[in-house]
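Two complexes are shown next, each including chain A; its partner changes from chain B in the first to chain C in the second.
And then the complex of A and B:
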């Protein structure tokens, strides 16, 4: 009965996620008690404030859903993409600058923002392609290249902003996205959620998706079955880079409008995406839900600080513990079989 | 010119030492078959603990010792979850890095009420030489790191213990048949590996910066992982890799200073271009020298007894 086993699998995933969340919050309560804060009030503020404003929640989740997808697609192919960070940077920067330049040249708001999104996507995709190409053709470890590219891109974007694209009034900011080119309301979220749905369909029903999953599950068998691993690696990395780049461009065009010269608004979103990809079980729909959940916790964390003085970094600890708890799903099987045996 | 050279060599040693200790720890881990991408997290915990316990006890030696204990405990937790509970080793590392980063800042705020940095401690003094009237410092931990690297290479390649460790990482089933306890060997390796990584964190605050800030580790744990892959899991090559990266990072600091005084003008945005150097150089070097990767064959796979 395939339906029944599928149903059981979903139930199992939900139970594992729920237990991991409980473990994460239990550890948070312990830390809060030790550091002298009121755990119940902190957690209630975290949830009530973090998830109160749906529009803010959707907007804040755009970049991490993108980097979550950028982690998950290569992960299914057996690659570890730790480069979501730089793919997001370059997408955000390219998106910002091309929107700005096209708008100033033509005065067309829609044309400029569409150009911004397309060029941000292409830039991110090219960044992903470099990693995939070096891994496939030169067997250079993708983790090494991605880490080096993260730092290279960090300084490259800073150089370009500081040397050419500083705002004339706010000298610690880049130029701003022209007001009429900005993407309104939650359209940005709808677009990235649409990309997630599309990714889900491609992974599940297309031959490309099938080959990505086979490469990840059993690379040797994939080669024997005639799949071209090199091509799969390069394609998976390029697509994921493109999605992270689009996420960066969307975030600039619809939420932050400018990049500050310490990159504080976009730093760390790629690393967070790894946690979100894992929490979403590398399932694109799961990544959207995990992205919304984690963004809510992070936003709520800022309110916790305002109300109680507890540092917002506590949210990072909670997310980290949840991720660790999720890693050891075998523990739950072990517990269940122990309980059954009595 | 002599100033330039001294600064270049000193900065090379400082930068290389952390990257080397992190890679050496990770090699011990991974030769036994357990991936640990939590090097950054261990650096963070151990650099913070050094300052925290030194200030609490008033004694640097106690601070260093307890920081190493904390690192070992971090390795123990990683080992227990990944070996006995068969957790996904990469995921544990990701989660661990997040916990370490968040937890240390929370403790910083609750202990000193400061989000950005801890108070200073009395730093270790390196070996001082005078060359042509200029003082030249060799950090103590650079010597420690190179000695650990050579010892690790010797143990792995020339002794029975190295053979046992590698057997667990390559062919755990065969190792078990030979009477080796794979679980226990792997657990020992994760603890020992984390302690060696912890030395890197200790060096950061005890000898280099003298305090802990959010920027102390600055992704060096990930550079250490890159060095590990670059070295092809060979401790002797890791020494070379660390010095190479360290040299380019030192150059990225010293070169703009030298050029500014030669050209007689101040760099502004260009400093960011110089900062890209070590990372770009690493990509180029690794692309050129990369041969077939030879990582331990059972790396990352939980060992399941029959």
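And then the complex of A and C:
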């Protein structure tokens, strides 16, 4: 059973994060001062507005929790998944289109949304599988494949929306999820949080989770133990793609309902997931908390813009610094242990 | 003229391990000087001290009559010392010329590529080393890469050349060419130091030889004045401490493991096992002796399924397992203790998680979940039977001492109740108490009818524990027999590659 009595470690993590947070804020304050904005008011707006509306917060955090998990699972196996972005796109698009088609064909709201979620998950999973397969069987670097897939998928989805699935009334939007097929309230968040808990349990207690962690911590020992590294890589990538795909489908079905033709509502959420995975220290529960935290800051950032006129880039910089500061200690430890192993 | 004088060199590592107990060493201009000894005798350590890579705890070094104190190899290189390792220090994706340029530019930043090329061509002409300057290093065979290393040393004006087991990566033909080159360099009055364990090489090429044993200098002799047998005796002679009593004659049972004509290649495509045959019976310990790197690791890995043979068969309990993957073999009753704790344990996991590493299949319950309750029981059992400290199953393995880690590694494989145990260097880097403990456990396992293949470079260990001994040399079984049939001298000769 993985470490049960490690209060000391948890306390250590909390202290580290608190210190990092303070450092992050200190740097942010300096930058704000230099840019001529009132640091205290910017930061207070960021937090008070960002975390005011719990429902919005939960809904906004769905895709980044998903891509955060999609980063963390392969990271535990020793892989770097930068493809959460494309896995999210394809999940969102497939989820949207299949819900739309099934609803129009059958008129069944539950059937259509379930089909949407399942197909979004499968599509994302397949996207992840491609990366894992190429890495395991053809030794192609997973980062290169993932980056290429991100762009390919971006234009593929744009093309499909513009050419086949444009909304008849709003020409800059895709078709909409039929009103009765939409996932109500915070059910979407509960589902992704449920997936996170499930991921946590699988990673910690199942033989699959065990082999993933062994592969990440010591690949030679994994081979010695008789685990098939290729299979582990492919499985970890497929699962992570599936979760990102599910996140995309859930986001479309419960929050945005349609994808605009610049993809502005989903662009960048996969990359943000990397920061969230690091911030959550690759712990699924930590990822949920990190996802909520970052979504709150992002949402608060929009209010900062409204209230103080600070450009959105500035709040992005502030959020970026905070994320870097928070994940720096962990990344540092990660690097040190990797280097030590040589 | 003496080019190197080392006096009273002691090296004590921070963890208290004594590598050298005050060694004297001298080499002269225009000689090939052999440095002979078993694993852990201190040959390489002594030369790395000369090369400025390790600092001695005590002792004095004189090079060309001047007292020196190198801070790093760069200092040594500037004074004309070059060391060539088994693993070459060349940039594989660069051309030979670029590598030479890189080597020179580190000591003389203003040199140009044209100058390097001119000097390299001149040296190639003088030494007749066949080296293509414009080829990419990784495309060259090992023998040529080694010549590049030698040229790299010469172009830096090295007068003293140290080679660490230079023939271990070469084919016999390449080795012969290397020796011819070394003889030419000797004629040019260079000092050449050859670290080796191969007696035949020592006889063939060296003028003098210094023998080390366990960090102590046994002596320096003129090669022409000693026989191979005398050298072997100098290398291995010792008082064998028979602290353990072998359990009284249990009769070995039927054959559990048979290896037939096994051929294995390493990742570079070189044969590392060349038709190995052996047989292990129930209740029998077969000791595999030999100097490290003569195919023992590959033999163990082939039996565990971590390395595919391209010819030959492995038979467990009259079942052909040659094509099975490791986990299937573990299920059938093979246990393997690898020589490196690093590969056998996961330092960032606790004792419980490490206890099930090689037997996860027997802990999987419903829905693919591991029965961690039973895993805890196994961990506690290992802790109790193998006296692991601290006795807390939630301790991270990285927080255990080396001895306790080793007991965990061995214990994990032994409590599985295997049919056949392949155990590599079971007591390497372990304190005396744990060493004795582990050896007792191996004998105990044997009395319970397990067939054990004990691979060890520690001759004492092999002699103390084994019923039969096989000696491996360059991928072949060069000698085989009951333990009583071997004298130390005979073992030493066999380990040095000389049979009968």
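Here, the second predicted complex is superposed on the first by the 317 of 342 C-alpha atoms of A that agree within 3 Å, B and C clash if a C-alpha of one lies under 4 Å from a C-alpha of the other, contacts with A are read in each partner's own complex, and residues count from 1 in each chain.
We adopt the following convention: contacts are C-beta pairs under 8 Å (C-beta built on N, C-alpha and C of every residue); 3 or more make two chains touch, one makes a residue touch a chain.
None of these values were measured; they are calculated from a predicted model.
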| item | value |
| --- | --- |
| Touched partner set for A:206, first chain B, second chain C, both or neither | second |
| Contacts of A:317 with chain B and chain C, given as first, second, both or neither | first |
| If touched residues of chain A are counted for chain B and for chain C, the larger one | B |
| Contacts of A:217 with chain B and chain C, given as first, second, both or neither | second |
| Touching partner for A:226 - first (chain B), second (chain C), both, neither | second |
| Chain A contact footprint on chain C (complex, rising order) | 304-306, 325-328, 330, 336, 338, 342-350, 352-353, 356-358, 360, 363-364, 367-370, 372, 375-376, 394, 396 |
| Chain A to chain C touching residues, read off their complex | 1-6, 205-208, 210-211, 213-214, 217-218, 220-221, 223-228, 337 |
| Chain A - residues contacting chain B, complex | 31, 35-36, 80, 82, 134, 138-141, 143-145, 147-152, 155-156, 158-159, 162-163, 274-275, 278, 311, 313-317, 319-331, 334 |
| Chain B - residues contacting chain A, complex | 37, 81, 85-92, 94-103, 105-107, 109-110, 115, 219, 222-223, 225-226, 229-230, 268-270, 272-273, 275-276, 279-280, 282-283, 286-287, 290, 292-293, 302 |
